[in-house]
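Sharing a structure with you now.
Should a chain be cited, it is by its letter among A, B, C, D, E, F, G and H, assigned in written order, with residues numbered from 1 in that chain.
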Amino acid sequence: MFPKSGFCDLGFAKVDIDRQKRRGFAEVVYCPGKTKKDIKSISRQLLKNKQDLLLTRLDKKTFLYLKKSIPRLKYNVLAKIGYKATKKKNLKGGLVLVISAGTSDIPVAEEAVVTLEVMGNKVSKLYDVGVAGVHRVMKYVDSLKKATVIIVVAGMEGALASLVSGLVKVPVVAVPTSCGYGASFKGLAALLTMLNSCSPGVAVVNIDNGFGAGYFAHLINQ
Amino acid sequence: MFPKSGFCDLGFAKVDIDRQKRRGFAEVVYCPGKTKKDIKSISRQLLKNKQDLLLTRLDKKTFLYLKKSIPRLKYNVLAKIGYKATKKKNLKGGLVLVISAGTSDIPVAEEAVVTLEVMGNKVSKLYDVGVAGVHRVMKYVDSLKKATVIIVVAGMEGALASLVSGLVKVPVVAVPTSCGYGASFKGLAALLTMLNSCSPGVAVVNIDNGFGAGYFAHLINQ
Amino acid sequence: MFPKSGFCDLGFAKVDIDRQKRRGFAEVVYCPGKTKKDIKSISRQLLKNKQDLLLTRLDKKTFLYLKKSIPRLKYNVLAKIGYKATKKKNLKGGLVLVISAGTSDIPVAEEAVVTLEVMGNKVSKLYDVGVAGVHRVMKYVDSLKKATVIIVVAGMEGALASLVSGLVKVPVVAVPTSCGYGASFKGLAALLTMLNSCSPGVAVVNIDNGFGAGYFAHLINQ
Amino acid sequence: MFPKSGFCDLGFAKVDIDRQKRRGFAEVVYCPGKTKKDIKSISRQLLKNKQDLLLTRLDKKTFLYLKKSIPRLKYNVLAKIGYKATKKKNLKGGLVLVISAGTSDIPVAEEAVVTLEVMGNKVSKLYDVGVAGVHRVMKYVDSLKKATVIIVVAGMEGALASLVSGLVKVPVVAVPTSCGYGASFKGLAALLTMLNSCSPGVAVVNIDNGFGAGYFAHLINQ
Amino acid sequence: MFPKSGFCDLGFAKVDIDRQKRRGFAEVVYCPGKTKKDIKSISRQLLKNKQDLLLTRLDKKTFLYLKKSIPRLKYNVLAKIGYKATKKKNLKGGLVLVISAGTSDIPVAEEAVVTLEVMGNKVSKLYDVGVAGVHRVMKYVDSLKKATVIIVVAGMEGALASLVSGLVKVPVVAVPTSCGYGASFKGLAALLTMLNSCSPGVAVVNIDNGFGAGYFAHLINQ
Amino acid sequence: MFPKSGFCDLGFAKVDIDRQKRRGFAEVVYCPGKTKKDIKSISRQLLKNKQDLLLTRLDKKTFLYLKKSIPRLKYNVLAKIGYKATKKKNLKGGLVLVISAGTSDIPVAEEAVVTLEVMGNKVSKLYDVGVAGVHRVMKYVDSLKKATVIIVVAGMEGALASLVSGLVKVPVVAVPTSCGYGASFKGLAALLTMLNSCSPGVAVVNIDNGFGAGYFAHLINQ
Amino acid sequence: MFPKSGFCDLGFAKVDIDRQKRRGFAEVVYCPGKTKKDIKSISRQLLKNKQDLLLTRLDKKTFLYLKKSIPRLKYNVLAKIGYKATKKKNLKGGLVLVISAGTSDIPVAEEAVVTLEVMGNKVSKLYDVGVAGVHRVMKYVDSLKKATVIIVVAGMEGALASLVSGLVKVPVVAVPTSCGYGASFKGLAALLTMLNSCSPGVAVVNIDNGFGAGYFAHLINQ
Amino acid sequence: MFPKSGFCDLGFAKVDIDRQKRRGFAEVVYCPGKTKKDIKSISRQLLKNKQDLLLTRLDKKTFLYLKKSIPRLKYNVLAKIGYKATKKKNLKGGLVLVISAGTSDIPVAEEAVVTLEVMGNKVSKLYDVGVAGVHRVMKYVDSLKKATVIIVVAGMEGALASLVSGLVKVPVVAVPTSCGYGASFKGLAALLTMLNSCSPGVAVVNIDNGFGAGYFAHLINQ
């Protein structure tokens, strides 16, 4: 089923070079807990095997280290993503709309945006339209209706996902964030809100996982 | 400070007959865990001391038992409240609006409504206007603006409280209900949602505690 | 934005008859906590307004009651869903594959299947292929690859969602179930597993929420 | 319903300049997670549109940065609030009493006090009257009775809210704080205590959310 | 250290007949999960070895079964305790005062009372003096001061333990009960309240564990 | 890797008939959530393919139903296990000792015992030796030392596992049970105790999972 | 009841100078969250009113600051306690034994020891006798039997409290500590273990609360 | 039973020098919460009594301090283990295979590896074979089958343990790690996954407890 094994064994890592073919996109490297050297080795192995390179939760310092040996590596400081595509993607699929409830949720939203763009999607943003002033999002109902899939990023009580879902015909991918006062319990409150959406058409990814939402929306958008 | 002790000692209970004077309303009897006989003894003691009688979470069978010895005891089957006022209340204060997100939340909403009415408040209801179809509540923005205080009763993700609060100038008392799928964890999800409201102006009472919300709204309304 | 209000006010319920137009499918009725009479009134209102009728978590007894006044109402006993479509749907979109990890997860899986079918999707099933005997699911890799979207229903540790996601190019909608020994904490274990999937491309709905998964997969499939 | 849109779009933020009119007070800026520049842009937009300015959880360093471009911006270091009112408020409504159980709860209590004062309320304070020495609060029963609404701020077991509520006719807004030994679980213990108050007339806001309590009490006091 | 083994082996049980000597009181039998026959065998073995017999959480039906073969076995229906002392105890130590916050907490309080009495303590009761009407307990401050040790039994928010402790020089043993609305989470709220008492001098036993509190107070009282 | 597919497809179930060869023991059937008919079909398929039959959490009624069509099916009512071995097992490996802390833990202990016996292990039992009377287990230190592997089954605080582990050279498999007062939270307390054992050499299985412990001990014992 | 008010009002604090008389020991100052200046003011007020001074969780730096203006203030660096007794206490009551399970639990144990000594108790210590090597504590059974009350301080699984309780006739005060691997959840595991002790005679104080245990044991010991 | 007491009393520690004889391996020193001096004293006492020395969670700085007075003390920086064996171990038992799901789990895996090696086991490693690319672990099925016992170290959703267990005849010891996004709740997600494994033959140790897994696997391997 997986002829020619499909991975490179670096000892500490088995780089999955079959992934681009099998899943449509290369193995993505989650950087926390890995040494600079390990990230470099894995990155090189991926590039050598003509896989796209996407590094999540990459701090700037490590990026600068990597950049020395990986020319044209790009970096988005807000999203904390490093990336280098093998070749230019043709945009396909419809428009993905990324919404944030507050301004404090923007870093997570940007992680989704960059992920989507690197994977070749057309992306639009709508930030700071939380339910405390619902006229803001209501103003954009027409924009909501143009999207093929919508990502809603929200902390605190995370109510925006249900509201948006109730206005559209497309799937809403909800991302709870860890932003908020004590009883948000680092995103647990928003997570439960989104899982319990009274409006069907919402599915949820991990807390602060903008990358996961972007990846999932990309799969829908193909 | 509390001259003449202010309570009747029945041994198993110390009935607080000072409460109507001290707090503006008599001691309310929470029925679960009490025997029929105990509820009867306490009720009689309250009435004898010219206190209003309000019995919460009273099942119908116990009501029928009590009715035999307490003439003119009334009962609201949906709210599970038995009551008998010492004298007719003059309505004072403004209008209290009780909103439910779904139809399954109505029993809790009714507990709030009956509590408010027995305590002498003018009450209005708006049921089944959850965020899955936000045009329903938006249709009633003018009604929302007429209230002095609003109670929002909601299970599942409980997002309605934030939304309503964002539209009005008055305090919103939020009641999470235990209604919903597994990850509502018997009301915990809605409770956390409401505590984390991004819209200031929301305070929260216990899960399924329609009585507590009604009582609190009454205090605001005086 | 919502001309002609878009709902019917039954007092205890505001039936959202704008939903089929706005969201592509009619308001779905979640039956627990509603009386038989209430379900009947809501159902009739929906049908009168040419909305599809889908009743979830409907027990057989209530179904039999409803059937008397709603001719041609259908019922799936395993999924506990009652339904009556306004007109025959033309199947569109690709194939949705519904997978269950164990046989005890089948009722939830069936809730997803019936939801999808009523909404007009082509559905295929693959049951009892949990990771305890991974050769079972590996045998069906080709089937997995034919789907447009996959639903994975799993209790206990819920590991199957990650595994399946790692084999395909399409989105995986994961449904944790409450089935398992004590430390499954009524589905919490499977829920956390699925939210933490190391394989990107998984999004999660509420515990035991087969309907929600079916609805979400339908939106993807359009 | 919201003619002329009612907000200013800064891209990263949609400043709600309709809020003062709609809700009686301007949009309040929660500072954590926002850059200094973002806070400055939002603040200027609010002031330009004749909204009051209230910045919560503002650290001193950022205040000093803002002060350079926003003359007459004030700061309360204990409450961590920056503010600048458009015009002097006439005190209206009754007296709001802010009570703290311990001295460690004072920063949260001060956040409530400053919020109330900026919003134009008459405020009185009563600090360090926890139930470990109940004679302290009992000494002030007359003061309690003069308030229109009472805020109780308490960490550890948070028992003071129930006690105070049992002595008065007015609503008690309870604020749990994160102060205490291990099993306070960062305020969870006090939060649950307050939600379960055996004395009706207590409603609860988020852990350490002095601002939210002040805002809510202000709404009651109008 | 334990000469002559000190227990009787019944196969399914090793009855600890050394306990009366070692710990001052015989092994107490917790009945849930044991068959009627097993309880009978263990009881007989204890009596045969001149140990006091105390059976907790014993339902009435099993009591009636046991009574047939164990003459003079006594039963307290409220406390659900069966017992038979080997010989009359001389009361020693001071007075133990058992306080309940509400009437719904009385069954747990009675479990403590009966345990204390069987173990030979002088016991006094003070029921229904919760903080919602604090004048009730304040009326009894002199009684509180006469006790050698005090047990406080309380559900809901459990605030009474802290309050009582703050008034006396003796240890307070706190018993949280599972009585209350949803967010009491079956006694968790009261448990946390009591563990976080701001008034030193409170220690806590398990939820609804009246027996454990009685036993512990007995040890203090010797 | 899995030639000839290795399972029988019954539609609702894929019976893993490769398991006896691959894992050393046949697929075990967990009965809750399966219909009587489904259990019968799966059982027959297993027997037809010369797999051992082990049915866990089987209630007596279903056993009696199965017995009609599966001759010589055996049943242990305490362990709630039905079984039928293909051929007599030769006892191999050392002795497995199953210990219970209390008598209420015996049903879970018996589930382990029967599992072990059906799988062909020599088993010994030691029941009711909890730490409340530590001389009981200390009396059996020599017996402990004769075992190859020890299973400790304990509810309440579950301390016995650490104690036993500290006395022996062999692995201790710990099974928390759901037996205990309120703050055992249905086995969570014992589960955490065992996971945090200060004595290395303890590993833990799911709450009340006697079968899992027996199975794991069997693997060690081979 | 509290003539002459019984406290000094410093504005930010109401120092309870009635406490020594009412409770047998002065108000104890919990230092976290208080400024150096506040601690100094409170300390002086207490000393001026002839109350003993006990400062818990006092860091060394603040101690050095206080020492300048409070001569003869003492400090125990391990226990983090500052203290100054008004006059020498005569030792009364029996012996209090403080036991720690491991060496990492010693700081909490020392907090109990110093508290007890300052309050005038005879104290003995027994450290590092956890159940992983049970022969250590068994060696000291005679010492255990000499105590009037025993404090057991333990992290990880906290099993030692049950074991010790099972060997003695005196009350055991259990202190869970936050020491341990991940699933100790900062002391929650040990807390639950101790609350669920199968051996009656154990009561529990807050996580890491050595002071509370010392105070409680002192009350028993009088 | 423990002649000659079996421990050395250092006051702050009772070093268990009977452990090597009783349990097959010396007392292991868990370093967090101990001072450098304490670790040195304990280490010397162990070595003096001819016990093997194993120091877990030892930071490099403390190692360097210890090395000065303990010649030939070794250190593994990744595993954070210091050790010094009394004499060379002959490898006995079979092969222990240590598997990690991701590269971020390697430090925990290495803690297991070093523990096993110091205790005299033959160890093999297989890193980065998580279920996101299941072909990697499938490639090594033959290697899996050669092991006597397998340790699986995994964070995030921890699904690998179930999968591996389903492929082999030997016990799988599962170690959840704290690595992952927000809803991993510091390893809780992986812990629950592993406890709920649908594949029997998995037992679990504490979060991040590589040492505990190594120790347990060693006991199996003897």
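Keep in mind that, in the parts below, contacts are C-beta pairs under 8 Å (C-beta built on N, C-alpha and C of every residue); 3 or more make two chains touch, one makes a residue touch a chain.
All of these numbers come straight from a predicted model, not from anything done at the bench.
Shared contact partners of subunit C and subunit F are H.
Mean C-alpha position of subunit G lies 35 Å from that of subunit H.
Here the spacing of subunit E and subunit H, counted between their Cα centres, is 43 Å.
Contact of a single residue of subunit C with at least two other chains is seen at positions 1, 102, 132-133, 138, 166-167, 180-181, 183-184, 188, 191, 195-196, 200, 206, 212. Taken together, the chains touch in the following pairs: A-B, A-C, A-D, A-H, B-C, B-D, B-E, C-F, C-H, D-E, D-G, E-F, E-G, F-G, F-H, G-H. Every residue of subunit G that touches subunit H in the complex is listed here, in rising order: 102-104, 106-107, 127-129, 132-133, 135-136, 138-139, 179-184. Taken in their complex, subunit D has these residues touching subunit B: 1, 22-24, 28, 138, 141, 149, 166-171, 173, 191, 195-196, 200-206, 211-213, 215-216, 219-220, 222.
By the touch criterion stated above, subunit C contacts subunit H in their complex at residues 101-102, 130-134, 138, 156-159, 162-163, 165-167, 180-181, 183-185, 188-190, 192-200. Only residues 1-2, 5-7, 11-14, 16, 18-19, 27, 30, 32-34, 38, 42, 176, 178, 186-188, 191, 206-209, 212 of subunit D touch subunit A when the two sit together in their complex.
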